[in-house]
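Working notes for the structure below.
Chain lettering (A, B and C) follows the sequence in which the chains are written, and residue indices restart at 1 in each chain.
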Amino acid sequence: MIVFSRKKATLGAALGAVTLFAAACGSSGPSGSGGGGGASAWALTGGSQSTFQVSQKNWNAANAKDKVSYQFYANDAYKQKVRVAIGANDAPVLFENWGGGSLKDYANAGKLEALTPSLTAAVKAKYLPSVVNVASFGGQLYGVPINGTQPVVLYYNKDLFAKVGAQPPKTWDDLMALVPKFKAAGIAPLSLAGGSKWPDLMYLEYLVDRIGGPTVFQNIVDGKPGAWSDPAVIKAGQMIHQLVSAGAFANGYQSITYDAGQSSALLYTGKAAMQLMGSWDYAVIQAAQSDFVKSGKLAWTNFPTVTGGQGDPADIVGNPANYFSVTKSSTAVEKASAEKYLKDGVMDGAYVDDLLKNGNVPPVNGLESKLAAAPNAPWLTYQYDLVKNAPSYQLSWDQALSSSAGDSLLTNLDQLFLKKITPQQFAQNMSKVGK
Amino acid sequence: MTGISASARVKRPRGGAPLLMALPALLLFGLFALLPMVFVVILSVSKWDGLGDISWAGGANWSHLWNSGVTRHALWLTAKVMIFSWVIQTPISLLLGVFLAGRQRYRALLAAVFFVPLLLSSAAVALAYRNLLDPNFGLTQSLKDGPFDLLAKDWLGNQNLVLFTVIFVISWQFVPFHSLLYQAGVRQIPATMYEAARLDGASTIQQFFFVTLPQLRYTIVTSSTLMLVGSLTYFDVVFIMTGGGPGYSTRLLPLDMYITGFQSHDFGEASAIAVVLVAAGLAISLGLVKFSGFSRMQSQTAGA
Amino acid sequence: MMSLLTERRQRQLAAQPDRLANKTRPRRRVGNVPGALFSLMWLGIVIVPLYWMVITSLRTQNGFFDGSPLAWPKHPTLDNYRTVLDNDFWRYLMNSVIVTVGGVGLTLAVSLMAAYAIVRSKRRFVRGTFNLFLLGLAIPLQATIIPIYYMIVKLHLYDTLLALVLPSAAFAVPITVVILTNFLRDVPGELFESMHVEGAGEWRMLFSLAIPLVRPAITTVAVYDALQIWNGFLFPLILTQSPDLRVLPLALFDFQGQFTVNVPAIIASVVLSTLPILALYIVGRRQLVSGLTAGFGK
């Protein structure tokens, strides 16, 4: 009769067992520094990544017992990733965030460790107060700024402007007038990464502020009834529709995502004339095509004013900074290492210099002289002055609101930019969403 | 002699070893497939945001589901994808399968090349196509103003086109599989039937419709079953290529579920969507199984 | 007439469904003009994207933006492949291998036993589980992902490769059981009877008789399951998070954020991730193809 090889079966079983064992052991959770000190940190790819890497190298060389290990993630999926990880209590010790309402969610759910009094005092002394406030809730401080302040500016391609003989827009009407000019020359007026949705937000934020001032959004944050139906919001929506109808946004904007880098690529490959984007994009462009920056083709200006608007033209929107927060699920030793790094490693001399080198402005007190001496001085001084002189510095709305409200905002805004809903419908939909 | 074979097949062994043998599979499947189904129903009437605790929500998720219209739209999109997938993939697979069953020398080489898309992971296919169809830097865009200008559209950004782009990419990946099934099916058809048809004066086309197709009935049912049930669960390709957008235009049912759960953090409602998904899957499967008599799996050598 | 199907003949039958056609090829195939034309067109549709992928992977990052996408790159380079390989590609490959081998192994082990039980058991309950598995084919994997996420977290298996192996195997079980049961039913009862008369127990019969007889089916279904698990994306996306536990499809997805505008590098990673399967395909094509059709043709 047929004899089945017992040997083969046992070999197979053994192989299977080894594989399953390998699978079970293949778990390197982020808080795995072998029970000792040290802290794992999650951060974003892009603008400040190289600074973090340099910091990691320097810090670990000098602090063997409190090593910090970074892991980098792309922006678009990052927020979900963090949320899932924290929800599973399998989060890193430190994670990058934007402060505001979304960080508050975590604090309210008891997932964050408030900073110790000594660290809090140190932070308050070192950094610009407006920036520190964004990470404080209920009298406790939950985050330390880790990178440059990131106002949103209007980048433009100097070459393209020279080509059509135009000047950077100062008012909204200027901007609208530029649209047909660029289109006639086969250039997209504005590059927009609509696929990621949050770049749309910059237009809404600036327009609402220019038209109605910062109180409009403050009412929304405070949950005042009818806040979303403020005429400023409606008008902003209408102006956005104006832009879309005029074909101002680059071809395919609905599907271009920021992370894939194409929206910025449009600017430096001469396909689009302008992009409204945060200051981190400077470093991204510099890394992708340094010549474009070196030869001075990359230029920037403030968001245009709106004639008859009540907002101060010097107001800005953006991210006051990104922060590191400490998760409660970490061990005491890890938390201690983390705090040490936050106090002495983050934003030390070399760290600040590296940020400056990449065109980022750390929100640190007393930086003026360093800025003037740094490479990229014109860009840095522009940013610093912009932030220093701004009467109001609005945090990106999707971060200022709670997580679920922020998500609804992005979804509805997407619909608005696709002209699938009217500004009134947008206001209506947002009113229905809880805070 | 025949009498012994019939009864020998029917005779069953004594002993309880078989029960023990079936247990591991049942446990594994039960724990990771059946139990979650029960949970999903429970979660669909609960409220959970992934961070806090699970609490009772009653019918709130379901009424919101129905009223918001997003999930209804997702259902509609999914139905569209299912129907169009079938309408596009089946004729193509049929034609290819019939052709590949032939005896041309290069047939084997063709078949080998055709099979490659099936080997790629959905992630690979989606990423490749996403860049290929890029509205500014992709392959299709470069065809503008050339002889293939028709292809230079905004395949991923235009809300009217994007669903068909998705269907095309999925077809690109799965047609090889179905054409393989048809190829095997055609090979089973005895030549005598074609001889008979030719003697009756049937043309090539008539032979196709009156001999080939009827004989392939069983294969068509198999392929269609797999295609329809499979198209209910397309996630990977769509997620990576469009993320459900632009807007809601490719937000199919599985994507709606993922986005509601893992992006909006409403796991209760997402579970309700999951229940809808399961119900739809079961309905289609049961319907098709009944229709085709699949469960009456007879041994093919019966009566030999 | 009773026919004792020898093991060899069983294998022949299973592996060559087209043996009929070999003898009785219909002649009309030669003149299948519409079929030929269409196949040529489909060939183009298949090849152009594949060609584009290979070409793009050989471009430099800057070279991607100028020149026609279909033209041969001015300065072809293998740098992108180097970049991808340097970025932990081998680790991701290893992860995929572990999860796939573990998953397929587990699936086969439990499914073989279950299929045997279904065919041989006298209890209706056990035979009835076949219908359960048949129904299980209809359960969409995506629908269960939320509870599975919750369960895995509670079992403290979150962010492990085991977390991928278990659910993947569980979802491969229905089709595996169904196909194996099908093949096993072809084995004539008298073979078992004669062994039984000689005093063999059920387990012995499973190992010595059943498994060797359905070996072609095992290969078929193993390949199918392996392909499914190897290309799986949703489970890794939700149940793992550490970069060093990424499997290939997930790594591809994450590469996109890492390399931002370096499209050639992204495409190089796509090509690289396909090479292992492609290699296996070239080596085992006949087996895979004939096995797939035999398995599903039933």
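Note that a contact is a pair of C-beta atoms (placed from the backbone, for glycine too) under 8 Å apart; a residue touches a chain by one contact, two chains touch by 3 or more.
All of these numbers come straight from a predicted model, not from anything done at the bench.
Student: Look at the interfaces A-B and A-C and say which one is made up of more C-beta pairs in contact.
Tutor: By number of C-beta pairs in contact, A-C is the larger.
Student: Suppose chain centres are the mean of their C-alpha atoms. Which chain sits farthest from chain B?
Tutor: Comparing chain centres, A lies farthest from chain B.
Student: So what's the Cα centroid distance for chain B and chain C, whole Å?
Tutor: For chain B versus chain C, the centre distance works out to 15 Å.
Student: Where the CA atoms of chain A average out and where those of chain C average out, how many Å apart are those spots?
Tutor: 40
Student: Pull out every residue in chain B that's touching 2 or more other chains.
Tutor: Those would be 137, 262.
Student: Send over the residues of chain A in touch with two or more other chains.
Tutor: 84, 87, 260, 262, 265
Student: Among the residues of chain C, which ones contact at least 2 other chains?
Tutor: 65, 106, 109, 238, 256 - these are the residues of chain C that touch more than one other chain.
Student: Which part of chain A faces chain B closely enough to touch in the complex?
Tutor: Those in contact with chain B are residues 80, 83-84, 86-87, 105-106, 109, 111, 194-195, 250-257, 260, 262, 265-266, 271, 403-404, 407-408, 414-415, 418, 420.
Student: State the interface residues of chain B toward chain C in the complex, per the touch definition above.
Tutor: For chain B paired with chain C, touching residues are 1-2, 4-5, 8-15, 17-22, 24-26, 28-29, 31-37, 39-40, 43, 92, 95-96, 98-104, 110-117, 119-124, 127-129, 131-132, 137-139, 142, 172, 175, 177, 180-181, 183-192, 194-195, 198, 204, 207, 219, 222, 226, 229, 232-233, 235-236, 239-240, 254, 257-258, 261-262, 267, 270-271, 274-275, 277-278, 281-282, 284-286, 289, 294-295, 297, 299-301, 304.
Student: Which of the residues in chain A end up touching chain C in this complex?
Tutor: Touch residues, chain A against chain C: 1-4, 6, 9, 12-13, 15-16, 19-20, 22-24, 26-30, 45-46, 71-77, 81, 84-85, 87-90, 259-262, 264-265, 269, 284, 288-289.
Student: Which residues of chain C touch chain B once you look at their complex with the stated criterion?
Tutor: Result: residues 1-3, 5, 13, 17-18, 20-21, 24-26, 28-32, 34-36, 38-39, 42-43, 45-47, 49-50, 52-53, 56, 64-65, 68-70, 106, 109-111, 113-114, 116-118, 120-123, 125-126, 129, 131-148, 150-151, 166-167, 169-171, 173-174, 177, 181-182, 185-186, 188-190, 192-193, 196, 201-203, 206, 227, 230-231, 233-234, 238, 248-250, 252-253, 256, 263, 266-267, 270, 273-274, 277-278, 281, 285, 289, 292-294, 296-298 of chain C touch chain B.
Student: Can you check the complex and tell me which residues of chain B touch chain A?
Tutor: For this pair, the touching residues of chain B are 49-52, 130, 134-137, 154, 156-159, 162, 242-243, 245-248, 262-266.
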